[in-house]
Structures are given as structure tokens and as C-alpha cells.
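Single-structure report; data block below.
Per-chain numbering from 1; labels A, B, C and D assigned in written order.
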Amino acid sequence: MPAIDGLTFLKRVRDLKAEVWIDGQKIKENICEHYAFKGLIKSKAKLFDLQLEKDFMTYQSPLTGERVGSSFLIPQSKEELEIRRLTTQEWAKTSGGMMGRSPDYMNTGMMALGAAWEEFQDTANRGVNIQKLYEQARENDLTISHTFVNPQVNRSLGYFEDDDAPISARVVEENKDGIVIKGARLLATQGGITDELLVLPVGGKYIEEPFIYAFSIPSNTENLKFICRESFAYRSSPFDHPLGSRFEEMDTIVVFDNVLVPWERVFLYKDYSIVTNMYEETHFYAFLLHQTVARQVIKTELLLGVAQMLVDSIDIGAYQHVQEKISEIIAGLESMNALLLKSELEAKLDKRGVMVPEPSPLFAAITSYPQLYPRFIEILELLGASGLISIPTEEDFHSDIRPDLDQYLQSVSCAALERTKLFRMAWDICLSSFGGRQRLYERFFFGDPIRLKSGLYNSYPKDKAIELAKSMLAKE
Amino acid sequence: MPAIDGLTFLKRVRDLKAEVWIDGQKIKENICEHYAFKGLIKSKAKLFDLQLEKDFMTYQSPLTGERVGSSFLIPQSKEELEIRRLTTQEWAKTSGGMMGRSPDYMNTGMMALGAAWEEFQDTANRGVNIQKLYEQARENDLTISHTFVNPQVNRSLGYFEDDDAPISARVVEENKDGIVIKGARLLATQGGITDELLVLPVGGKYIEEPFIYAFSIPSNTENLKFICRESFAYRSSPFDHPLGSRFEEMDTIVVFDNVLVPWERVFLYKDYSIVTNMYEETHFYAFLLHQTVARQVIKTELLLGVAQMLVDSIDIGAYQHVQEKISEIIAGLESMNALLLKSELEAKLDKRGVMVPEPSPLFAAITSYPQLYPRFIEILELLGASGLISIPTEEDFHSDIRPDLDQYLQSVSCAALERTKLFRMAWDICLSSFGGRQRLYERFFFGDPIRLKSGLYNSYPKDKAIELAKSMLAKE
Amino acid sequence: MPAIDGLTFLKRVRDLKAEVWIDGQKIKENICEHYAFKGLIKSKAKLFDLQLEKDFMTYQSPLTGERVGSSFLIPQSKEELEIRRLTTQEWAKTSGGMMGRSPDYMNTGMMALGAAWEEFQDTANRGVNIQKLYEQARENDLTISHTFVNPQVNRSLGYFEDDDAPISARVVEENKDGIVIKGARLLATQGGITDELLVLPVGGKYIEEPFIYAFSIPSNTENLKFICRESFAYRSSPFDHPLGSRFEEMDTIVVFDNVLVPWERVFLYKDYSIVTNMYEETHFYAFLLHQTVARQVIKTELLLGVAQMLVDSIDIGAYQHVQEKISEIIAGLESMNALLLKSELEAKLDKRGVMVPEPSPLFAAITSYPQLYPRFIEILELLGASGLISIPTEEDFHSDIRPDLDQYLQSVSCAALERTKLFRMAWDICLSSFGGRQRLYERFFFGDPIRLKSGLYNSYPKDKAIELAKSMLAKE
Amino acid sequence: MPAIDGLTFLKRVRDLKAEVWIDGQKIKENICEHYAFKGLIKSKAKLFDLQLEKDFMTYQSPLTGERVGSSFLIPQSKEELEIRRLTTQEWAKTSGGMMGRSPDYMNTGMMALGAAWEEFQDTANRGVNIQKLYEQARENDLTISHTFVNPQVNRSLGYFEDDDAPISARVVEENKDGIVIKGARLLATQGGITDELLVLPVGGKYIEEPFIYAFSIPSNTENLKFICRESFAYRSSPFDHPLGSRFEEMDTIVVFDNVLVPWERVFLYKDYSIVTNMYEETHFYAFLLHQTVARQVIKTELLLGVAQMLVDSIDIGAYQHVQEKISEIIAGLESMNALLLKSELEAKLDKRGVMVPEPSPLFAAITSYPQLYPRFIEILELLGASGLISIPTEEDFHSDIRPDLDQYLQSVSCAALERTKLFRMAWDICLSSFGGRQRLYERFFFGDPIRLKSGLYNSYPKDKAIELAKSMLAKE
């Protein structure tokens, strides 16, 4: 089955029946109808319909000749890189970039791993496994969640866990069928509502053997549990919570309660020589960042649009400080976009014939965005001011109080209802629990900002700059 | 009836029955039990009990000799200013400074106006009215809401409203019983659940006659309506929403639907010579700022405490960047505190024998806090990181999943339950809808930050500094 | 005479004999030997030699077929835009971008005006004049200074000058030979040492008739005076002041003491319809910005190189906060570079067949750099710390004290002499009077940063963003 | 001899004849007349005259009953602390706080050590030595330079120096007359022109035995050399360089070329138990910070004065962004001042009966100022803009060009000459080499800002804040 439609997607999620806990309850009903998930799942279903509508969003499978999603495309030219970007941005537009884990995110990761399957070849031939997992995902348009983060028990330097009662998920047994995992992982976004869960080793210089593994398993694998945080879809009215009601993605703690992972799904095991450089060698980060920055560009565009609409609605565009604030968003948008384009302009073919975006501009973008995004949110708050507080709800507009609202909440350029819709969206971006999580996510989207900056420092080629500085010294 | 206890307060709110609209419904039940209000009202009731417990929180009424609340005290010495500060801070501690409109806030405003009643003396003897309103509030321990802000229809320069269909509340009639008000005001926090509503003229250089008025009326006055925004008390569990469940104050739009204000409650009317300088002459701002900064000091102390507890819980205190971040909060706390003390140290008796805190340091504080508070929130987010996301709810701890939580969410220094409580509080400060509103409020607590800065620029005595600069020029 | 060599340049400056005042004296000697100018003039001479060495730095004159400088090239393709960029950067490398007014700067301006000469066509056929002035400059490799800024008498809104005693330069007479100018202009960098002075109208919405003019005249025109500020070439030793001794450009006040400008040199006169949009219509800003950002990229590269060399010299590269700081420069460099490339990628042919770089990314760059550059200077200061203070001079190394210096100023990776050279360069970038002026210049390079931001706000196409925001509102 | 006058001071400096190297030469002439020193020495002489003029600036010596300088006063009450502050500020006003090492700075240090002499008591009775050194300084009004910083050879963690060829000054021998020191110290400001040089151990957790020493010796001690950096007194005209010509303090590298320090001048030697906590136990930092912050308050006041004069001179005070910028300086000034006062308000008597200012607010101030000061400089640059560049010199005003200057540099509120004086001072604060050093100094005045913040983090009592946070958790 190639690229699917929304209905197929909905049916698949309904039938998945992974073990998902929320508010102290295991979900037993159809999860597509559950208050905490229905908005997101509906929004995702639309993505699949959209994918079938736009030609460039699918391509011919090299395996079957059928149309498969372009987010699975292994790019071999700059044009194909551009198709990947356009695909991501087309989807991102439907949520204004608010769905951080739209399917293309981990499809991209899977693509990078699959394209570089030879990097995982070991004595047990495990490279072939990731190649198959990738193809399977592509041919069936599978959705994938993943986990990167270990429990945050202790972040001090030099802390190592005790062996007896695993906290971080680890291999506790190996047998003829596969490996057995026990322990937890934090922060699988959309955990339990994707077809698969991709489990990758957590980075860091020192990694012990029981933590060297990588695999992908169905979300409904036995003994696999997903524990949800509180849902931020507090209201299902898109009028009241225009974003939260539709794009609340949910984050889960993943518990592996002695989960058996079959050998054919394991593509890395105990091989220290592979794990050390796997993310660099597969260009996993370069590709994920290309998708991420493409999405962040759209998100920034949304912020600019909302900001300008706020400005127009209360007619403050002539104030100098307002112009300064908007111009700051514009400069940020242009920079993010320019860095994205530069990564494509400077893309290079790797030894496998894959066109890899240049990572430096992408790393520059991803180390900047954790400052830019919160600043832009601040600008929205400063522009919206008290108008972001006194905003009635959909039901108020359907009540006897409506004439008062129409009169007292009108704005210079639009009626009270339109104005309220706009300010509620601004509120949902800046101030709601949904918006708060978005802000936190952009701060940490690609991990600890401090570590990201160290990464950029260490990887960036500085020779040309040093040469220039030296030439200035030598001159007399 | 002097300083009241919590029970009396509860009874009074129950009996008030002001016209309050929420979610498209007029509230008919006991508002003390309403999901959106019960947390706050309960928290306020405790304030009154506390007031009776602590000696310094009450003083002998000059009128009756009975104990009345110290937030009504007209200070005549620096010691009495200190008592006012301690009173505010004692109350603020119960909410960590999160209740921006605890009763002492507007009590303070009422006190300033009452103490300076002579400023309002006009041909109709209206100064006496505010003096009586103040005494009444003091002797009955009334709670007061107020409104400062006009609807945000159009913020462009040089915009004036049309006369026919008032938007901003204005006098539309005057008769033998009083004046009739029609139109709206934005942003009466706790509107409809306080005994009185104090309505003051909106500042600005150009004010037209129909907008020159000031009065206080009972919240249940006929034709007075309060329209609530969505409640952020999404969950009533203090475990899940430790702040939102207890301190969500609610903001309302106030609609005056031809409200008759009796003459004896009007203390300013059409007198341009009074309205121009009334806030300066009554030291209204100086006293409100003294209360505000005192509360912000407590709030900052809470942020420091929570930040340090986060640090300890995951043992990251040895990291240099963590130490830098916490030291930034400390420096902010020390500065706010120092500015508060300086305002008392430099306080002066006015012509009426009232000890007025020096406004400059308070204005310095209030122009800094709109940057400091969001920065401290950012620091909490950077410290808590992904730990602020995967936080289960109270019900999860009462379910079969608990052993997993106990194991996987434990931290180096505390059990999963304690850690979860801590992180939920941090989340409620930083990331929840409740926390979002707090951040927006501190940005704008005393009005538009840009205007505040202009105010400081214009009022600050710069002679000494210029003299110093000139002396440097003259020197050879 | 086509592209010239350094010697020709030197001879020309020597023979120019413009009226230049410095330290209360009119310069009478050979200005090429004057302490305040010799370093710069020598550095400029080298630019001309370099231009002849590199093929891409010249092209065939369409008029004569001889080689002329590529900074005069009217680009008709993206490739030619790239040649322009490479030319600018090749020159910029010789000064690490510290020569803000290398010849290509105003050559670029002249090129933009000359290419768009038809915009200046009026009843007196003045468009032809600028076309000729451009060709003359190109064919003779003339150097050009210019002035944009009126005296800073009064910057309040709504200030207009008195007519009788002109302060800002204005037309005071017109006769058969030309127009007569009286008054001053501020800030002609390198004033009096370039062949020509290009005088352009100062922007702004309201411009009175006597200020509507544009022309180019030889610097040694009668009654034209250049008054220098203090020279920052305090020491001529490139060891002691590696930048100031070589790249101090000098700024001058230009006094027009009834200067007669011949008609054939006037290309704009009293025509309000031309002056209003001349900078937009000629793409003057777009081309100047393209040159400016290209130079700023090189300058940023120098800062990165120096920063990294400081880090290496005292071996602090392992500190996290050091890595963060350097990564900040890297991200800035990548962004500036990406914006520059984007402006070329999105360049479009105008109606005249000129390939014009897209201005939005360039404006984004130029509104960011006034923050970036001072921040990078701050980073250098924080990295160099006390090492930027205790730095001996060239003469110290030639004295008996040298063994002490060799011992006590050695660093982990280099000898005391090398280390001192490096730190002196860092000092000259950050802390010297020369460096101070550089910082001020980058803050204001393209004019008032606030006005630049308003410009970006007003010119940026925001429709796509608003459309996106609206699509999010409409969704339900 | 008690508090001295300026003439006595001048004579003493003249007769000192320490070994001072500058520009590759050993100074042989009267240093008071040397171009690099004469401005500063003259400015210091005035301080001594001023001290005799103002009663509160001296007090009765407990030893002799004669008047001695109040900067030597061991405070025993808050009133005496205030006298200390006033004394510092009175002196600071003469240089606008630009003389970082006015005599009261190290007098204060000497006072702290002397008052706590018992802390240095060891088996050799060395506490008595510092007591005597202190008394000697007080009774003779000695000026003192000091050194804190080791050469910056290698700043990586875990670097230890080789023993054989000392770089950092260390004890290389001990004999009956004293100890012999070999090696260097960086950054003795005013080295070689003060009576004494106080040498203190460099902080840090790990200190090796040869580095555990403290002493004070005359600057003209045999084998002691001071190597100057380049002088920034480029011009001696107070018109041209109003600050640099008068307050350029000079920094020196101190070379100990086997300097014999007599036993009676050594007050710490090889005693690890003393060195570890000596700065805390003597309240050395608390007192130095009290002096420093008092000076920084004056400096900030100067910046405010200059900023406001710039604003007035070009009449830009009505612009909102200008008001914001000035209000930022005001808020900083108020905060610094408030923290200073808080440190006195919360001062406590130590076990020796000395009134010690509370260190926390002072540390808060000193961790803030390294950001505040550069930001205020930035504000001055943004206000002065291009006006900070085109500023003529004194000689220009004495030349034929003067009429042009008078006409074209006049400003709305003052004549060209006055305006030029003002802008030259602003330039000397912001942009000159002198100003650059000032900025670097304020960044690092009390050492590495990162370490300062760690210090504040570690020393600040956080219990109250944690208690408050816990009380919020417990509540239900």
C-alpha cells in the first residue's frame, strides 16, 4: 500500500490499540474520538489527503513504481532537496508550523538511516534491517514516533546509573528471538498514536554497552506503555483554542516493561564503533535540521502574519516602536530562510550519491531559533497587550451578551467576532498552555542549546577565518 | 464592622449576586462554588483569617477604635510605611505574589485618595465623598476592584470616539440622583466578586468632558455587567495546577448599561483642573507602586526558591551556566528589594502629614520588572527543560501506573511524587495559561512600559547629574 | 586611462591639492606623506595594484575595450553580480573589512546612478550628465567621496532652517555657468583625498527646493574646504597600531563657501518628482547594500579568526562559555553570508536589463549588523580580558626589557612577540580610538538604525504571511 | 605626617624614582612632567588638597590625634560607613568616577587588612606586620598600588607552571632578611607612581606553597620593575581629550627580578590555613566593593548627565526612544544607588567591632555593572551618533577656520565651542582608547564576571526563598 489517504490513516490509528495511559486511565475507546487526541488525529488525516492532491508531494517508488510520500525521498540532486523542502513546508502551512512532529519529521530520519544502511552493517548483517524498516515505512506510509531522551534523574557530571533497577531503558536480556528492553524513555511526542516507535541511542561521549541499541517496533508491541502528560486540548472549539484544539500533539513517557524486540527490527547492537559516529555518518542531523528549519520558516511566517494583523486591527502601524518590532520578525524570517537556502546551495553529494544539505548554516539556524522564537512571542505579547486578555469565547457570541461584545470589542478594521478570533489565535500562540509548550519546544527542539552551540563551535571550519586574521598580522 | 474573618468574607461574596457572565451564561448559583471562582475566593478568605492572626496587620481605627486592616493605614512615619510593606508581603507570601489584586492593592489606592480628599474638593464639596467612601471601605473591610483601561478599538494617535454609540464608558446623562454612565471598560480583575468597583479616569493629556468622572459603586449596582474571559482554572486539583486552581483571579469587561451613579458616590465630575494632576497630587501611584514592588519582591523570591529547588532536584548546581542563571535572579531580587527600601528611606511627609514613599526608585523598579520577570521565567524554562513536559497528574499517582512513575520519575534528591509536585508548580509558573497571564500582567502591570519609561524620564530630577557633567567640562 | 596602478594613484593624490584642514592648519605638504593620511593612502595604492593582478577584478570597457575596474560593472546577470561581490571581498580582505570606504563603495553608487541615468532626464537633459560622470569615473578609475548628512544642529521634529545664513549646504545662486552652493555637509569620509566628491540630496519626506540638487565635482574645486577631525593614526608603527596605522580613513566636514558647480556636473536640480524616488528607482541602496554586506561578511570573518586565535593562544577553547561565544560569531557570519547569497539568488532584471540584488535580505542584514558587530566586539573583549591591557609596544621589544617580555608574556601556543602582535590587533579592533570609530560606523553605516527598520517594515511584502495567518483563522 | 596636601604629594612622587619602563625607555626625568603621567599626577594632587578642605574627609588619628584621611577609617557604626561612602564619592566627583584607582581604593583594602590583623597572626607574629603597615599608610597618607593577576600564559583548567623559570611571581628563596620573589604580576594600575605596592595572593582553590605570601613594599624597592603599556594620553589638551589628558592611569606589568622583601613587611607566608579564607575573614571584598559601587554610582551619574546634555544640545528629548534610553540609565543609577544603601542599611558589626557592609547587595551590584556600563556607553553612542565623529580640536578653534566651525557646528542650545567640548567628552567616554580601557575595566573590575556570579550563587542565603517555594507546594 503506497501513500495513503486520510481515511485509511484514521482507520489505522483506530485499530492500533497501543497501551496509552492518561489521567490515571488506560484508554479503551477509539482513540480517534478521545478528547485529548481527536483534534490532532483529524489534523493529521488532512495531511494525508493533501499529500495525494499535490503532485510534488509524492514520487514513484523505486521498488514498486507506486506513488510514495516525498518525505521518504532520498535526494540525489539539489532539485530533489528542494522537493523535500517544499513538501515539508506544504504540510507545515496547514498548522502554521505548530505540528513539530508531522509525519515528515521522522520519515526524514528514517530516510537518512535507510539511505545510509551500510553504516550499520555488522557481523550480523544488521544494516539490512534498517534498509527494510525504511522501505516498509515508505511503502506503507507509516507514521513514526521516536525517543531521544533518558529520564532526567540526575544531570550532574559523572553520574552513572545503578544496574539493578533500570531507569533509563536498557537491554536486560538477549535470546534467540531478540533483545529484551527494560526501563523508560522520556518524551515520545505522539507516542502511542503512530504506527511505529523508533528507538535510537542517546548521544554523549560515554555510552555503556547495555545502552547501545537501535530499533523500530510497532507502537502496540506487548509490554510497551505510553504515559501521557495532561492534555492541553482544554477546549475542543477551534474558535476558543484555534491551535490547541487542532494541533495538541501530546507527549508521553515510554515504559519498556521487558519488551521483546525481534532481531529483524534491531539495526544496531553493542557495536561501539558504529554508535560513536552514526549520526554524523548517516547525515541524520543534517536531514532532520533541513526539515526542522523548513518548518520553522513557516512558523515564523505565521508569527509575522499574526503580528501584522494585530497591528492592523488596532491601527498602531505608524508607531516607530511597532515598526521596529515587526522589522525584527522580518529580519529573523529572512535570516532563517536564507540559511535554509544556503544549506541547499552548498549541498554536496556524499559517497553514496546522496545530496546532503550543508550542515553549518542549518546549525547556525538551530542555535539562533531558541532565542528568536521566544523573542517573537514576546513581541506578539507586547503588541497585543491587554487585548490578549479580555477575549470572550464562542459561547459568549451565541448568548444574549453578544450585542455588548459587538459594540465594545469592535476594532478599527474589523468586527468584534473577527477581532476576537484573531486575538484568540494570538493568545493561543503566546499565552496558553499549548503556546507555552510550543515555546519550550522551540527552545530545546534539537536538544540542549548549550550543547548545540558547542557542536557548532567544534564542527565549523575556521581555517579561512584564521588565515584572514593571520594575513592581517603579517602585513606591515 | 471592622476587619472581618474569612467566613464573613465568603458570606458577603455569596450574597453579592452581581451580574457576571461566563461561557455565554449569567451566573445564578452561589459564585463561591463556581468552578471558575471557587479557588480564588477560598484563597482570599484565608487572607482575612490571616489578617486577624497577625497583630501588625491591623490597627486601631481613628473613627471607632476597632481593629481595621493595615492596608488602609494612612502612614505618618517611616515605621508606618514599613508596616504597610510588611502587611502586603505577609499576604503576598500566601500566593507567592501570584495574586496581583489581593485586597491590599486597591485598599492602598482607596487610602491614597481618601487621605488626599481635599484635592477633590470642588463647588459641590465632592472631596467629602471620597473621604466617606474610604472610611466606609476601611471600617467594613470592603474589597474593591477597579478599572483603568478603555476598550482597545483604535490605538492610533489622534483617534477620538464618535459620540452617538459610546464605546468607552462616558457620562450620558446627569439628573438629580446622580450621573448615568454608558459604555465599557476593559480589564476589571476580579470584577463582580468584590464589594465595590472603583472607577477612575483614564490618564492621558487630552481628556474630554464626558470622561472626567470618578466614583465607587457596589458591584451589584443595577445595569452593571461583568463579562468574564475563559477561566484558566482548568483543573481544580492543587496537585495538577498548584497555582491556577487557587489563584486564578479572572478578568472582566465591565459594561455600564446606563448605570446610575448616585451623587454621594461621585468624587470627581467634569473638573479639568482636578483630573489633570490627581494621580500626582494624591500620591496614588507612589502608594500603589509601593504595594506592587513589595509584592513583586515576594514573587521574585518564589521564583528563586523554585529555581533552586529545580537545580537541587536534578543536581545541576555545579554547572557554571546554572550558577550564572540563578545569580541573575538573585541580583534582580536584591535590586528590587533595594529599590523598595530606598523608597522608604527617602520617603517624605507631604503637606497633609502623610509619609509618601519616594517615587523615583519605585518607578525604576517598575520599569525594570517587565524585563526581569519574563527573563526569570525564561531561566526557569531553561533549567527545567524537558522535565517540565513529562509530568503526570494526580490521578496517575492514584492509578496502577504509579510504580512506573515512582521508578522512572524519581530524582536524585526526592521521590517521584515530590518531584512531580515541584515540576508541576514550575510548569504552572512558566508554561500554563495561568502562567502566561501572569507573564503578560507583569509586562503591563502598571501600564504600557514605554509610557512608564517616558514618565520616569520626565519626572526624574536630572540636575545633579548635569551639574556633575558640567563640572567635568569646566575643569582644565 | 583605464584601471590604474598604485603608483598612478599615489601621484594623483599628491597632485590633487584639495583644501584640507587638520589640527588648525591647512595642509601644504604632500598629503601622501602627512602623518594622518600616509597609512591609508598607501593601503589604497595596494588595492589598485591588486586590481590589476586579479583577472576578475577588471572587465572590458564597453566604450574603449580597455580593462576597467569590476566595481564599475553594470551587472546583467547573476554571474556578474557574483563578480561584483568577489571584487569587493577581494579588496576587503586586505583590510579585514576595516576600510569602509574602499573605492568600490562609491564606484558602486556611481554605477547605480549611471546605469539608471534615464531617471534623471529632465527638460535640461541632466540624465546625460550623470551618465558621463559615471563613464568618466570608470574610464579613469577615479576615487569618489560622498556626503549624505546635514549638520546636526537640531534633530527635533518639525525643525526647518533659517534662510539667511545657511548651515546645511544649499543653492544660493544660479547663473549661466552653474549653481552656487553655500553651507556645510557633515561626514565626508576620506574627504579631500579622493578625485571627486559626489553630493547627493539628503533623504526625508519634506525637502525644500534649495536642497534639491545632485552633482559630482573634483575635490580641489575652488572654495571647497574639508575640515578633518583629530587623526586616530596615533602611531605609525603597524606593530603598535596594526589597523589604525594603515586604515584610518579620516572623516571631514565639507564646507561649500560659495562653490560654483558647472551645469555639466549637475544631474538633479529642483525637480521634486525625481528626488522623491531617486534612490529606489536607481536601486542605489540595493547596490550599495550588496557591496556593504559583502564587506561586512569579510569583517565578521576577521573577527572570528581573531577570536579563535585569542582562544587558542591562551588555551581556553574547552570552556563551554567560550564555545558559546565563538558559536555566536559563527552563527552571525553564516547569517550575513546567507542573506548576501539570498539577495543574489533572488536578484531580478529591472526594466533597463540590470540585474538588481533583492533588497529585503540585504535590509535584513543591515538592520541586524548594528547589533551583531558591537556584540562581537564585546565577545572579543570578554575573551581577551586583561590580556588586552598589558601589551607592550614595538619599542619595548627593541629594548633591554625584552627578555622580561619574552618570559612573562609568552603564551601556551606562541612566543611573546607573536602573542603581543595578536593582542595588539584585538585591542585595535575593540578598544582603540580607531576601533571605537569602527564600532560607531557599523552602528550607523547605512544611517539611523531606527529609520532603517521602519524602511524594512514599510517595504517588506507581508501578504504571504498575512495569508498564512488568515488561513489558520478560517480553519475549523 | 598626617593627611598631606597636593604639593607634598607631588614632591613625594617626584622623589620616588621607581624603575618604570615605557616605550622601550627607562624613565629618568621627573615623572611628574612625563607626558604619560603628568595629567594623572596633577589630578591626584588635587584630591589631596580637596581632602584637607572638607571636614568629613579626615578624622582624628587614634594614634596621634592628627587629621588622617577618612578612607583609612575603620568604621564602627553605620554613620562611619556613610562617611566612608561620602569620602569616596567626593573624590570620585572630580573625575566623574573615571579614576578607578584613586587613593581611597587601596586605602580601603589596607584598612580592611589592618583592622583584621589578628587573622594574620601566625607563629611568626605576622599579623602585627600588617597592622603596622596599615598604620604607616594612614599616618603618612601613603598611596598604594596593588596586583591581583598572574600572567595569562594559559587559562586552561588544570594548568600548573613549571618550577624552573618562574612566570607568575613566586618565592624563590628565604633568608634571614626576608623572602626573595621572582616572576611577574600583571596589571598594577598606577604601578611605579604610588608610594607602596601591595602584593596579595591570587585567589583560587588550589594554591601552591611558593605562591602563598602577602606583603607591601615601597615602589622603588631594588630589582622591582614596572613595564608600562602604551599611554592613552595622546593629547595633553583637556579640550581635545578631556578625560584621557587628566585621568589616564596607566597599567603596568610588575617584574620581580629577585626582589628581597624584608620580614617586617611580610604578613602572610606559607600558611595555607590563613590564605584560604583571608578575603572573607577580613571582609576585604565587602569593603572594596563598598568603595567600588560608591564610585560607580558617581560614574553612572556622569553618564546620565552627559546623555541628557547630548539630548538637550540637539533637542531630541521628545522622541520616545530617546526617553526610553535615558530612563534606562536612570533605572540603572537608582538600582546601583539602592544596592549601595541597602548594603549600609543591613551592615553588621563583626566580632572585632567593625561595621561591615552587607556583601550580597554589593555583589548583586558588581555582577550587574559589567552589563550596565557597556550598555550605557552604547546608549551614549546611539544618542550622539554621527555628532561624535565630526568634532574639531582646540587648535581648529584657534585657527582661521573658526568662523566655519562657529556657523556649522552650532547647536540649538549652545554655541559651537560649547557643543564641541561636550561632544569631545562624550567621545572620550565612549570611543577613545581611554574610553575603551574604561569599558574593559568596568567589565572586569572585580575579576572575571563569570566567577563573580558563581560567587554570588554560592554565598547567597537561599533558605528563605526555598522555604517560600515549599510553603506553596504544601498548600492545598
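Criterion: a residue touches a chain if its C-beta (ideal position, glycine included) is under 8 Å from a C-beta of that chain, and two chains touch if they have at least 3 such contacts.
Chain by chain, the UniProt names read as follows: A, B, C, D = 4-hydroxyphenylacetate 3-monooxygenase, oxygenase component.
Note that the structure is a prediction, hence the values are computed from the model and not measured.
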{"item": "Set of chains whose contacts include both chain D and chain A", "value": "B, C"}
{"item": "Pair joined by the larger number of C-beta contacts - A-B, B-C", "value": "A-B"}
{"item": "Separation of mean Cα positions, chain C and chain A [Å, integer]", "value": "43"}
{"item": "Geometric centre distance via CA averages, chain B-chain A, whole Å", "value": "39"}
{"item": "Centre-to-centre distance between chain C and chain B (centres being mean Cα positions), rounded to whole Å", "value": "52"}
{"item": "For chain B, residues contacting two or more additional chains", "value": "320-321, 450"}
{"item": "Chain contact graph, described as a line, ring, star, complete graph or other shape", "value": "complete"}
{"item": "Complex interface listing, chain D residues touching chain B", "value": "93-96, 238-239, 242-243, 246, 298, 301-302, 304-306, 308-309, 320, 323-324, 326-328, 330-331, 333-335, 337-339, 341-342, 345, 360-361, 363-364, 367-368, 421-422, 425, 450, 453-454, 456-458, 460, 462, 464-473, 475-476"}
{"item": "Complex contacts: residues of chain A adjacent to chain D", "value": "320-321"}
{"item": "Interface residues, chain A side, partner chain B - complex", "value": "21, 23-26, 149, 151-157, 159, 165, 167, 183-184, 186-187, 225, 227, 229-230, 234-235, 240, 251-253, 255, 257, 314-316, 318, 321, 374, 378, 381-382, 385-393, 395-401, 404-405, 407-412, 427, 430-433, 435-437, 439-440, 443-444, 448-450"}
